[in-house]
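These are the structures, in structure tokens.
In what follows, chain A forms one complex with chain B and a second complex with chain C.
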Partner chain A sequence: MTTARENRLGWGLVAPALAWVALFFALPFALMLGLSFARLEGRVVVQGFHLDNYLRFFTEPALFRGLIVSLEITAIVTVVSLALAYPLAWIIAFRVPRRWQRLALVLAILPFWTSYVVRSYAWLLVLGQNGVINRALLSTGLIDAPLIMSATRFATVTGFVHFFVMLLTLTIYANLVQLSPNYARAAADLGAGRLATFRHVILPLTLPGVMTGAFLTFVLCIGDYITPQILGGNNELTLPQLIMMQLGRRGDFPMASAMAVILMAVVTLAYLACARWLRMERV
Partner chain B sequence: MNAFKFFLGLHQDWLRENTTMPRNTIRSTRNRRLAALAAGTALALLAAPASAQSLNALVWCDHADPELIRPFEQEHGVRVNLREYEGTAAGLAILQQSRPGDWDVLVIDAVDVHRAVDLDLLAPLPAEALPTADFFPELVLEDLNTRDGITYAVTEKFGYNTISYNRAAVDPVDMNDLSALWSGRYDGRIAIYDYYLPVLGMLALNEGIDTADLDAEALERLRAPLLDLRARSRQVGEVVASQTALATGEVDILVGGGEWLTAVLAEENPDLDWTIPDQGAVLWAQSIAVLADSANPDLALAFVQYITSPQGQARLATSSCYWGMPANIAAGTELTDEQRAILRWDEQDTFLTRAQRYPVPDAELDAAMQDLWTDMLQN
Partner chain C sequence: MRVLSWLYLALMFGFIFLPVAVLVLFSFQDGRLPVPPFNGPSLRWYVEVLGDRRLMSGLMNSLIVASLSSAMALFLGFLAAQGLARYRLPGSVLMRAALIAPLTVSYLIIALGLMSLYQRAGIGLSLWTAGVGHVVINLPLCFAILYASMGEHQRSAERAARDLGASEVQVLRLITAPMLAPSMLAAYFLAFTFSWDEFIIAYLLTRFDVTLPVEIWALLRSGLSPRANAIGSLVFLVSVGVLIIMELTVFRRVRR
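This part shows the complex of A and B:
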């Protein structure tokens, strides 16, 4: 049974964190939510409770398509990053000698050390018509004309995947190295081959790490503005790009707030789905 | 980091490992350093008011060039704090979210000066203290920079949104006719500068509509050619993306470009050029103003005078972010022959007669233009 003194101590310990969340998350979010119901009339923001911004978002194809584009790109990035990160994490965890694993991880996270913007511009030069890839392919005679890769969705996805493979590798690696080798041995004793062991034992046990990494990828990818802005060539606009347009060009803070609330709702739904799935797995 | 720890003397392990000083010497050294640090800080704080005067300017990126700002700082013994912004809406939002007195100087699109005046943001300027008599007459822009006879801003730099291109990859003769962009000869080799006002202005000129006559009805006439041009283009990008695309050969033509975009690339690739086609081009101009709530109005005015002086104008014209023509003709003597050639100094009289001003839409037309632009980007 906790005493009043312990209760106070508990609240005292939690208070700084609560204050931080209230001040830097709850309050700004409440302000943004309130502003999303305001309206821009001419160039003046008129406070009130209007649903115009939300209605406009769902009825104006160019705006709604931003959400679809964001979801499509995020889905592709998550799947491709997972497909690349899992084998990489596996190799580092089980194929690289233990004394080299730390170095391998450092190499894996090396791209994090450079500026995000610089990295995106570097990809622009790599994927360009006169970039490294096209020059290599042309010089080897594999192609006759340069491939168009920059300023495309492919370029955006490539920029994202380069970043998120590293993130996913870390989360999956952390999961893999915690697995006791006895699981695989027990499966082998019961006659399971390597593939069956992976499919029925290793993969299910590492899925929480995979899901956590995938969720992080989803959140960071769907809210990113820089990569599609630099690499996508404005050939299709994601939701964060459209939000920036409302702010920088129109000065339409209510519309930008409404779109940000919608983006947050999508992320919340993804989180709930992920959390529900993880709870089901545990059951 | 180690140097920092060493200076403070707080990292005793570091000292033990890296020196042969006994422990009491280490402590004494640390105490002396802390005392020195405290004394230094106190002196700095005491001395602060003498050199604390600073000027806060909300500017475009061309003002961030140290070659432009340093001479003013040295002459007046002040520090100029700069914050860059893009787009009038973003600039006005920053001002509205700031406390009165936070900002002293504002650089703004000349066509948006009245917008700032409507919001009571700008202070009147003494017209007699400004060198507008030396300006290109077309660039005094009295109708934009003044209201009811009161001057609120002064033009500082101008240029053209027109066609930039790579001479090595494009027939320069074609670039004299805007309709060449729709001819099919350059499909996939065109980029569009991502700013709706000048590009829609150029499309209006191509349709025979004066930029001043651009209204909702005329805007609809631009929809089809705009979407068609978009389909023929590789990308729509802001300044850096457009420069990169042109410099790396990703595209050969930039719609909406001009000397401001190619001049900084001319040294690396002299084939990058610009022209004003027969249909004309859109004239851009930026103005500088003092904010009504400025805490340093005299210093702010001195800054405006410096920027519009021949020396300031020459430095601003050749700023590292982007080049542009100085509004003050007297700056010509401060520029080298090569710089004047890149800016096409001697052709300005002709260019100015062929260029039309930015469209100045009201809020409703502005929203319609941006909707069209978003449609274009998303389709």
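This part shows the complex of A and C:
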């Protein structure tokens, strides 16, 4: 077979997928980018190159605050989820007997398979005023009045952490079991204590996997509408909640587009910031 | 140290299972509110949910959208993976990046983009328009899984088939696809569960016929109800069922 013919065949195989991505991903994004520079006058979208939406976003505190809230929540969620998931993955990889590891892992991510919407709702049943935790605490007499946990940032963070602990445990475990035990043995032979071995050998070796997981957490968390909407109440709104509000109540598609572009820019910046640790091709 | 490890493991499993346990327990509640004290068990909410026309049509719609969109994503991803793994094409790095790109973008943004496209093109919203979005999110996934699992022994088998006179389509159909069957099944099921459970794209890109997550969302707006627990538990049961089937068939074969 000649190279030209091979190339043609190869192109023919890749072309349908590329066309799909171009038509239903790249083109829509370009249209949305264009729309973010349009303006809503009355109920009519006026095309053009206006920076109104972007200016309004950065000057109107109610809107700009959404970005800050989203960044804060995402940062807290990423750090807490990593701090909880790493030890869990480590225990499953090195403490649980080998023949039980697979079962332990499957169990650790089993609730992952409940519907995403329903999972947030389930936390409402746990954290609510009449929820399981409040009822349990009240009946033991530890508290006199129910704790307010639902419709708070605490509830949003809890719902998110629950989801991402499962996700990160899986990715970190996959990294830990790939490590050859020879690294730890060599470190021990050279006189490193257990903590030093972890800090200078195990942790650096798993860093790329951890960073990939952290980036995935960041992207999924900052763009999520469901969890803050169900658990966070309306006391503080995240960026996706504000975007949905532009769409729904006001029908302001250009503003929603501008905010989506800003969301996308934030994710891109985060990607560039940790690009050198990421191994996206291994996801 | 050892005791601490087991304690931590137990605590984390408690945290991970708490909401699911509460969800399932109060789906059997004999009363109007899915909160303590627990009365029951009663199956009345399951009976009610299974008789609910809207939820059941949502379920059917979800099955249709998930099975078709995953098949499309798998088909496109398979062809692209084959093209990029087998042929040395100029610009292949760039093409790989383009195919993976939707994976790094929030579903909300993909949905908004498609909304602008449909509006501009004057296409009315339906299950189809949401399904197109689900192909966009699952295509990178299927591509990445299949691309990673294409190995050297397969290439030799394909070359042998070609030498024996098989056409390109025959090679794909008779050699490549069967050899990749486990990965294809895994990719299909993963894509299926993602589409089946996806909310925001389905919410923004459907109108009259909607998928199950959108129906559940509408149900939740009316407040806490054991009805939501029952449908949630059913969805969980189905997903775990699929998972067990996969574990017993696909992954067992992969490990051998």
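Going forward, the second predicted complex is superposed on the first by the 259 of 283 C-alpha atoms of A that agree within 3 Å, B and C clash if a C-alpha of one lies under 4 Å from a C-alpha of the other, contacts with A are read in each partner's own complex, and residues count from 1 in each chain.
Just so it is clear, a contact is a pair of C-beta atoms (placed from the backbone, for glycine too) under 8 Å apart; a residue touches a chain by one contact, two chains touch by 3 or more.
These figures come from a predicted structure and were not determined experimentally.
After overlaying the two complexes on the shared chain, residue contacts for A:Ala196 are found with neither chain B nor chain C. Contact with chain C, but none with chain B, is seen for A:Pro87 once the two complexes are overlaid on the shared chain. Set side by side, chain B and chain C differ in how many residues of chain A they touch, and the one touching more is C. Of the two partner chains, chain B is the only one touched by A:Leu63; chain C is not. When both complexes are overlaid on chain A, the residue A:Asn235 reaches chain B alone and has no touch with chain C. Legend: residue contacts after superposition of the two complexes on their common chain; A:Met245 is shown touching chain B, with no touch to chain C.
In the superposition on chain A, A:Arg43 contacts chain B only, with no contact to chain C. By the document's definition of touching, of the two partners only chain B reaches A:Ser150; chain C does not.
Within the superposed three-chain model, A:Ala265 lies out of touch with both chain B and chain C [touch as defined at top]. In the three-chain superposition model, chain A touches both chain B and chain C at residues 121, 124-125, 128, 130-131, 230, 247, 253.
Looking at the complex, you find that chain C touches chain A at residues 2, 5-6, 8-9, 12-13, 15-20, 22-23, 26, 33-37, 76-77, 79-80, 82-84, 86-90, 95-96, 98-110, 112-117, 119-120, 132-133, 135-136, 139, 143-144, 168, 193, 197, 199-200, 204, 212-213, 216-217, 220, 224, 228-229, 231-232, 235-236, 239-240, 243, 247.
Contacts from chain B toward chain A in the complex involve residues 86-87, 89-90, 92-93, 115, 188, 194, 196, 234-237, 240-241, 244-245, 248-250, 363-364, 366-367, 370-371, 374-375, 377-379.
Interface residues of chain A, counted against chain C in their complex, comprise 6-7, 9-14, 16-18, 20-21, 24-29, 31-32, 35, 84, 87-88, 91-92, 95-96, 104, 106-108, 110-111, 113-119, 121-126, 128, 130-132, 135-136, 162, 165-166, 219-220, 222-226, 230, 240, 243-244, 247, 253, 256-257, 260, 263-264, 267, 271, 280-281, 283. Contact residues of chain A toward chain B in the complex are 42-43, 60-63, 65-66, 121, 124-125, 128-131, 148, 150-151, 230, 233-237, 242, 245, 247-251, 253.
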